[in-house]
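Below you'll find the structures, each written out as structure tokens.
You will see subunit A twice below: alongside subunit B first, and alongside subunit C after that.
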Partner chain A sequence: MSVVAFLNDSIAVAENEYRQFRRNRSAILISLVVLPLFFTVSLGAGQGGAGTTFSPTANIPMGFVDNDNSLASLRLWQTLASSPDFHNLIQSYDEQAAIAELGTKRIYAVIVVPKGFQNDLESGNQAKLILYTDDSEPGVSDQIQSTLTSYVQSYDPNVEVQPHLSQLQRQSVAGVGILTKGAVFAGFNIGLTTVLAIVQIFAGFYEIAGGISREREEGTFARLLVSPISIGSIVLGKTIFDVLLTVIRTFTVLGIAFYGYGARPNTNLLTLLALSLIIALVTMGIGFVAASLKLGQRAVVIVEFFLILFLFAFSGLIIDINLLVGISQVVGNLLPFTYAFDALKRTILLGRPLLSLTFDLEYLIGSILVSYTVALVLLHIFRERLIT
Partner chain B sequence: MKSFVRDTVAITGKELKQLRRDPVSLVLTIIFPILLIGIFIVIVSAFRATTHNVPVVVADLDGTPASSALLSQLTQSRFIHVTQLVQTEDQAYQEVANGQVIGAIVIPQGFGAALASGNAFVIVSTDNSKLTSSAFVSVAVNQGAQDLVNEARLGEGGVNFALKIAPIEVITRPLSGRPPTGDTILPGFLGMIAILGGFDDIVNAISRERERGTFPRLTLSPVSLFAVYSGKMFATVVLTILRTALVLVIFSLYGLVIRGSLILIFLTTILIAVFTLSLGLSMSARIRGSATLTVLEIAMTFPLFTLAGTFNSPLLLASGGRAIADSLPWTYGNDALRRLIYLGAGLNAVAGDLLILFVSSLILMPIAILLSKRTM
Partner chain C sequence: MPEEAITTKDLTKTFGHFPAVDGLNVGVGKGELFGLLGPNGAGKTTTVRMLCTLIEPTRGTANVVGYDIREQAAEVRRQIGVVSEGVSLYKDLTIEENLKLLSTLYEIPRPKAEVRIRELMDMFAFREKASRLIGALSSGWAKKAMICAALLHSPQVLFLDEVTSGLDPQSAIALQDFTKKQCDQGVTVIWTTHYMGEPEKICDRVGIMFAGRLVQVGTPNELKHSVSELSMVEVETPDLSKTQLDKVKLKLKTMKHVCRVTYLDSKLQVSCERTETLAEEVAAALLDVGARIRTINTKDPTLEEAFIALTGGEEEIDRFLESAGQKA
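Up next is the complex of A and B:
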């Protein structure tokens, strides 16, 4: 078969995909609107926009019990209450009553200044603050503790109004300042590296594996297989069409991120598009492999769900890959998506040029080649099975 | 009324029989919880590892006993692994920029002299694209500095710099009295399992019946539509009880002590599942295909991990996220589960949460039935 005929067939398959897609309203909605919108908006809502900062502890209601009733404890109250991190500090006079409120959702922590607080400070001893927390709220206890510690680390009871602390002073540990360097990224930008990839993986896998499964159940895939079009053309045609969808999805996610949440990735649009396409191609390759195994539509969706859960655990989305232990690190290192997330972080956050990430790119391109080759072989082997 | 109850029981029995005959769905009902908790275990094991060995380089530009003492603390840290000692500050930063290490720690010239006056500082440069690893580098440096100061105060290790200690120590006392572990997210996982189970049940109960053509037959039979939906809902209740029991057994095997009333825990997961079922029923009126419905439901599930307070408390979200979390009945379900399982709270503490779930289902269920009737 000539290359021209092969390409003509592929384009015909892509056109067929487009016609089918155009007729399926829910597919258009899910693929191009719901998935990009849902994930990006959820990220923005949870993390705030890229240009905005917020204090997680600012609006958490907390009790403050002053058992010392001294000038030092009063100044501590004033310092905390006037800070941007403790807007919802409620003064209480009964320690037990305040502690009893914990777990009722009225307050989530109680800061207790014990008797002898000022005496300890005056005599040069380390004074103590007791922090009671509702630790059933994940993350809240740690967050309040670290914020409170940063305030009292350099507290000077002799000063009426505590000076605004520099970053160095806030991070000082018992007289040793810790000056941090290295860019600090907005939560939204960090999340964008995940959302951009997850949207492509979610949609790409469903469109390829689910699409073939649907065609098979409707009987049109069998007709396509017995037509004089080669399996290679079918695979290429479906890939071409899905690449177009990937481009639209990428622009949708980035559009919402740029204009809705003020995201400013440290890289150019071309890099983001190229990475999205690479991720989509890896996913499509795996999707073709899944399709060749004659999975039903529901099975495809369930496999997809497991795949994404798997990625959350092993691809460095929740915990960095180098921190995984034992076999989980080996699994993580084998997954091509690990390198995709790594490349997205290095480009979007650190501004590294795409072509400098040679290992990530080599692994991803290798994965595309391997998955497509395996898919083509399996589709040839199971051709009869897929027709019947 | 008698016939309604009989019909409901018959439909419940039919649903459970169908599930028993469908090994894939049956296995999924069991695998969902195990998989989710498996992921939790992978993540928590990584956090709880005895050593983390995050690679860092150190540039000791001071070369005094004080800087050597700090370097010694850093090399002994269980969080980091000092891979190289470099000569210059730039060299250290370059290693981070090249991605060779996660962090560079620079002990500047004059560190030893400044330590006695309380003006000493160290510089830490981290690759913040690796969030957890860079956090471990910061923890290691903080701990190293703290240990150095403690040693200096006690005159141990041959160092004595007459240092002042931090004026105030914060002592944290958690309400549960449990040690600080990641276990606090486990109740939220149970909530997510109830949600996923509810979504899966609605796909099995309605969409697949529609695709097979058995749903119109069911509605044409002498059974009221209300009894059909009630029967399907009770099947979900039975399955939710089984899933919850399975998850609680796994929690116990994992070592989590369940403090609250088991009846209240089961009631909460049932209410979460019934609300999810009501929502799924409303969605299935518009979205006919089982695969499309499943995709949509799964797409909804992932943001819920954050917005409904599974991984992190909704209190820590930005204002927009907090508003969304407050408007989601699932948030209240997860919250109730945490209070029950983790704190051992009673009915009084979770009554409000359960009421929100119940009322939400009560509002949504008739809407769902109405929508289903219209699109039948």
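Up next is the complex of A and C:
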């Protein structure tokens, strides 16, 4: 078979996927609307963002210690207290006593205006605010920090929020890895890393494994197999179409995250798209492997459930991979999603250029190649089993 | 025999320890309409699937229009059209969209494909249903659509596997006529069925399959007469008294070729070794005893009877069907 014929067949399969897809309202709805919307809004509502009217920090009790007692610090207090994000701001006069309250669940942060705050502002120097946060609640301190940052910068661009690592933070475990590195995250950035990974994995796997399973059950896969098309063309054609869906889904997620929840990733759109496609391709490869094993539709859903479970448990989505122990760390280190999630965090949160993440990229591209190779070999070996 | 389009050599397929097809050796001529007849689970569909390269033989091989099914599977696929249970068109696409997809896969140049698609749509009167999705068509029309798809690339061999099942009688007859025309144009057709009447009517030759083996091959007539040299005459003769019947039986049994005489529900059935004069002799015997004759029919053995005889009788078939059902 010539390369041209191979590509023509692949494009015909992709077109065919598109024709079927556009007639299938439930597929359009689930794949392009419900999935991205559900995950983004769920996490957005849970984590909130700087651009939303709903504020996840609004009701969190926080201490405010004014050591400057100046007009500027008073204005700052008024600005924060009247904002919809700091409804539960408690004025405190003793910095040490306020800090001692952290970890008791009575307050979750202490905002300290140091002496010289007004002087710094008047002399054009960088004025500082010190923020003590309770990191025993993953995500809360991050939210407070990012919301406060956006507020004080709109109050005066010369004010800088200085995260202060308390003893409590250093002792805490799960979820504090990011903060203790000293990064400052704005809006819905953490949520975005999670949503981008989950949506692509959820949709990519089902579209490939579930799609082939349905074709097998309906006899259309056998129809393709009695024609001169090669298995490779079928795989490539289905991949091409799913890449298209991935692009649409990624833009949907980003649109909701940007405009709905104020996500401000420290990277560009191209990187986000590239990472989403890489994650989707890894998942599609695994989907093809699953399809070659003659999984029924129900089995596909069960496998997908485990895939997501693995993502949550071992890929650093909830618990940093370095904090896992024993076999779970081995599993975590083997899972390609670990490196996908790491790449998302490093680009979206820390602003690292994608191409500088050599190991992550090598592992992910290697995973794509391995999963597709294994899938092609298995589809050839188990060709007979794919006929009902 | 004309030039062979299909030749199988010891073609065998086992699933685990179960031999679905066991050492099939058969040749099918070019332009021949060859029927594969057998009950469910006899190995017909497995044979077709091996010849279509959908599944690989466990042992042996076959040659389809000059190409080996093991070594040149892609070439075989270009030469064949398949209508089989489990090989379907996309339900969410129209017939035209399905055919366009297949025309790309068979590398038919676009202008040529468009002409061929129009030709097939006209041939099967699909024009009015062109915009209907396959999933919205009745089973008869869906089957026609599948035949269109199988014929799109003008295959040299057409596999029609249980193609009339689920069709209304008119459609089934139309399909049989169409298939015969295809053969007249040089297309080789493998027609598998478990309906005994079909191959008798349309097939040039029939292969009887049972328990994975090809039991006998021949024209329908050859098969029928290979198992039975018996002919039967059935006479409707009402109000035949016991005395009259005894006299008739006595008279007929003196004839050396008569095997059996029965009288039930006003019908006298006489079986005998094949002879041209049986009907006359039976009629004469009845008239001699003063019986009335309302109708008189001669009956040759059917393919069904031949099938039962060739496969070891009804009990053997029942046993096979039971074990095939358990394996399924």
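By our rule, the second predicted complex is superposed on the first by the 253 of 388 C-alpha atoms of A that agree within 3 Å, B and C clash if a C-alpha of one lies under 4 Å from a C-alpha of the other, contacts with A are read in each partner's own complex, and residues count from 1 in each chain.
Definition applied: contacts are C-beta pairs under 8 Å (C-beta built on N, C-alpha and C of every residue); 3 or more make two chains touch, one makes a residue touch a chain.
These numbers come from a predicted model, not from an experiment.
Peer 1: In the superposed arrangement, does A:Ala100 touch subunit B (first), subunit C (second), both or neither?
Peer 2: A:Ala100: touches no partner chain.
Peer 1: After superposition on the shared chain, which partner residues are touched by A:Tyr132: those of subunit B (first), subunit C (second), both, or neither?
Peer 2: Once the two structures are laid over each other on A, A:Tyr132 reaches subunit B alone.
Peer 1: Touching A:Val33 in the superposition: subunit B (first), subunit C (second), both, neither?
Peer 2: neither
Peer 1: Going by the contact rule set out at the top, does A:Leu71 touch subunit B (first), subunit C (second), both, or neither?
Peer 2: Neither: A:Leu71 stays clear of subunit B and subunit C.
Peer 1: Looking at the overlay, what does A:Ala5 touch: subunit B (first), subunit C (second), both, or neither?
Peer 2: In the superposed model, A:Ala5 contacts subunit C only, not subunit B.
Peer 1: With both complexes overlaid on chain A, does A:Ile381 touch subunit B (first), subunit C (second), both or neither?
Peer 2: neither
Peer 1: Using the touch criterion from the header, give the chain among subunit B and subunit C with more contacted residues in subunit A.
Peer 2: B
Peer 1: Which holds for A:Pro228: it touches subunit B only (first), subunit C only (second), both, or neither?
Peer 2: After superposing on A, A:Pro228 lies in contact with subunit C but is clear of subunit B.
Peer 1: Looking at the overlay, what does A:Gln20 touch: subunit B (first), subunit C (second), both, or neither?
Peer 2: It touches subunit C, and subunit B stays clear.
Peer 1: By the touch definition above, which subunit A residues appear in both interfaces, subunit B in one complex and subunit C in the other?
Peer 2: No residue sits in both footprints.
Peer 1: Any idea which subunit B residues touch subunit A in the complex?
Peer 2: 24, 28, 35-36, 38-39, 42-43, 45-47, 49, 52, 54-55, 93, 96, 99, 102, 115, 118-134, 136, 138, 141-142, 145-146, 148-149, 163-176, 178, 180, 184-185, 187-188, 203, 208, 287, 289-292, 294-296, 298-300, 302-303, 306-307, 309, 311-313, 315-321, 323-324, 335, 338-339, 342-343, 345, 349
Peer 1: Which part of subunit A faces subunit C closely enough to touch in the complex?
Peer 2: 1, 5, 8-9, 12, 15-16, 19-20, 23-24, 218-220, 222-230, 384, 387-388
Peer 1: Quick check: in the complex, which residue numbers of subunit C touch subunit A?
Peer 2: 49, 52-56, 74, 77-78, 80, 82, 84-93, 97, 101-102, 104-107, 133, 149
Peer 1: What residues on subunit A touch subunit B, complex-wise?
Peer 2: 26-27, 30, 34-35, 38-39, 42-48, 52, 54, 56, 59-60, 99, 102-105, 108, 121, 126-143, 145, 148-149, 152-157, 168, 172-185, 190, 198, 202, 206, 210, 213-214, 297-302, 304-306, 308-310, 312-314, 316, 318-320, 322-325, 328, 345-346, 349-350
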